[in-house]
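Just below sit the structures, each encoded as structure tokens.
Both complexes shown next keep chain A, but they swap its partner, so chain B is in the first and chain C is in the second.
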Partner chain A sequence: MGNTNVQDNPELLEMNLDYDGGHTLMEAVRWSKFLSIVGIVGMGLLLLVVLISTPFAMSGYGQLTPDSEGIVGVLLITLALYFGALVAAAIVLLRFSRLTKKGIDHEDQLIFNRGLKSLKVTFIILGILSCLSLSALLFSLIYPL
Partner chain B sequence: MAETTQNSLFELSLDHESIDHLTETARWGKFLAIVGFVGCGLIVVMAFVIGAIFSSSLFSNFPGYSNQVGANTFGFLGGAMIGGIYTVLAAVYFFPCLFLYKFSVRMKAALNTSDQMKLTQSLKAQKYLFRYVGILTIIGVALGIIEILVLGVVALLAVLSH
Partner chain C sequence: MENQEQVEPVTDLDNFFHLSFDAISRDQLKQIAMWSKICSITGLIGYLIQLYEWLFGHSRLGSSFGGGVLGILLNVSVIGGGGVVNYFLYRFAVAVSRGVQNTDALHVNSGFNSLRLYFRTAGILAIGIICLILLGIIGFLITG
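Take a look at the complex of A and B:
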């Protein structure tokens, strides 16, 4: 779809990253680098906590009510996958920061494009996680009915 | 002259590939922003519901408190406080969604109309988004550290006084 627009309108190719846009993007990149590092550390710690606590929680709940062991296990594994996806999003965001900065510094179009691709992947991961979270929320609201 | 020099500082252009990436990013960004706005609305609804529940139930289940004159006032204040906290949370959560929405809409418009100014405005909205979330993260981390320190001091005092 994007390609068709560009082909129909060759003027699109005349857009460039000017002084203002470049500096704005550099500041955004600086903040996104900070956010990605905090995200990797924070979500990584949460992932570790979930992974470490899963066997204990499963055996603990299993002793209380044997039927709940499987459900608790599935819930904790889902939580671990969720945090894992967030860590992946943070890593891709860090890649965006690194590549975009490098692309602007060296005025390298290829590296700059790779940086933009990483931002796209970050947004896609977050979008899919939002879809799944919304589905889970709706399911939890509808299921009791 | 100065402007020409400044403009030439960045020789990067938006080619087919970067336009594709930015278009897709803007589409997902808009979706995320709309989900965020819906989330804000839900938090506001929760503020009223939970506030009302707390106002009516706080102290009413405790024997000796439910008949006292001040119990209703405390219940109302407790409900209002919890409702207020949720409303503040919704307000805090609203702004990054707004910046993300502005980034996405302006980026889409910039790419469709080849508008350089809109592209810059879109990048500015993205900068504000990352800056806002970054500052919130700093505040959150600082509060977490203070909480851990306070809990540590309290625990230490409790051990020493034992």
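Take a look at the complex of A and C:
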């Protein structure tokens, strides 16, 4: 009773965003917006601190040994790139929250898909960063300074 | 006719937002699931290493928050909180991956619940960190 054949209605094979899924996604979008703003501000400030402290760190620690200037320079560039990538991830996450909310509100499939694409880019950046962080952690365990 | 697949009819609530997971969004979801799984597994391994270092190691990594009750509290919050966040991300990745593979919207929709918990827990942790930083600044200003 009430069941329908897939052959009669091919649209039944479609996957739809249902009522519960849509509302939980909307709440996820709200929290992701908050996280992205905190991330942009927090990581932006840390990036600024790294950039401002570069000349002081170079003059303070760069003269300890003949090659310490190079090591400090590489370390600061790595930190700046790391925080820069995190800021980029936070900006793309903000784009995800904006586009997904707009897509759901306007029932626009194209904008919704663009929102999902932004979430994908966010996780790609975070995935690469977490792989690099884990590699650095394992390297520091195997070859302690 | 008896072997024909029977499915439940689509109700208004099943398509409440008039948005579907078409071929493009399914491909996006597949890649989101793959990368979020990578994020969660590497994150969990990282936190397990930190936990091991804190409990049994030379405390080179674990002592980053100092000793004492405050240090223990911070270590437990960071490692525990990070572990929980990555666990929710892993659950999201598994549910979405299963949903896309089996063309089952129920799994994808339940995966969004894990994504909500992931962002909410991360957001609460971020609020906690902001509060700690503000307390530290206030303490620094008071003590001079």
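Structural remarks
In this section, the second predicted complex is superposed on the first by the 126 of 145 C-alpha atoms of A that agree within 3 Å, B and C clash if a C-alpha of one lies under 4 Å from a C-alpha of the other, contacts with A are read in each partner's own complex, and residues count from 1 in each chain.
Simple rule for what comes next: a residue touches a chain if its C-beta (ideal position, glycine included) is under 8 Å from a C-beta of that chain, and two chains touch if they have at least 3 such contacts.
Keep in mind the model is a prediction, meaning the values are calculated, not measured.
By the touch criterion stated above, A:L141 is placed in contact with chain C alone, chain B being left untouched. After overlaying the two complexes on the shared chain, residue contacts for A:L64 are found with neither chain B nor chain C. Common to the chain B-facing and chain C-facing surfaces of chain A are residues 2-3, 5-6, 9, 11-22, 24-25, 27-28, 31-32, 34-35, 38, 103-104, 107, 109, 112-113, 116-117, 119-120, 123-124, 126-127, 130, 134. The part of chain A that touches chain B in the complex is made up of residues 1-3, 5-6, 9, 11-22, 24-25, 27-28, 31-32, 34-35, 38, 103-104, 107, 109, 112-113, 116-117, 119-120, 123-124, 126-127, 130, 134.
Residue ranges on chain C touching chain A, taken from their complex, read 4-10, 13-22, 24-26, 28-29, 31-32, 35-36, 38-39, 42-43, 45-46, 49, 53, 60-61, 99, 103-106, 108-110, 112-113, 115-116, 118-120, 122-123, 126, 130.
Those residues of chain A lying in contact with chain C across their complex are 2-7, 9, 11-22, 24-25, 27-28, 31-32, 34-35, 38, 42, 103-104, 107, 109, 112-113, 116-117, 119-120, 123-124, 126-127, 130-131, 133-134, 137-138, 141, 144. Of all residues in chain B, only 6-7, 9-25, 28-29, 31-32, 35, 110-112, 114, 116, 119-120, 123-124, 126-127, 129-131, 133-134, 137, 141 touch chain A in the complex they form.
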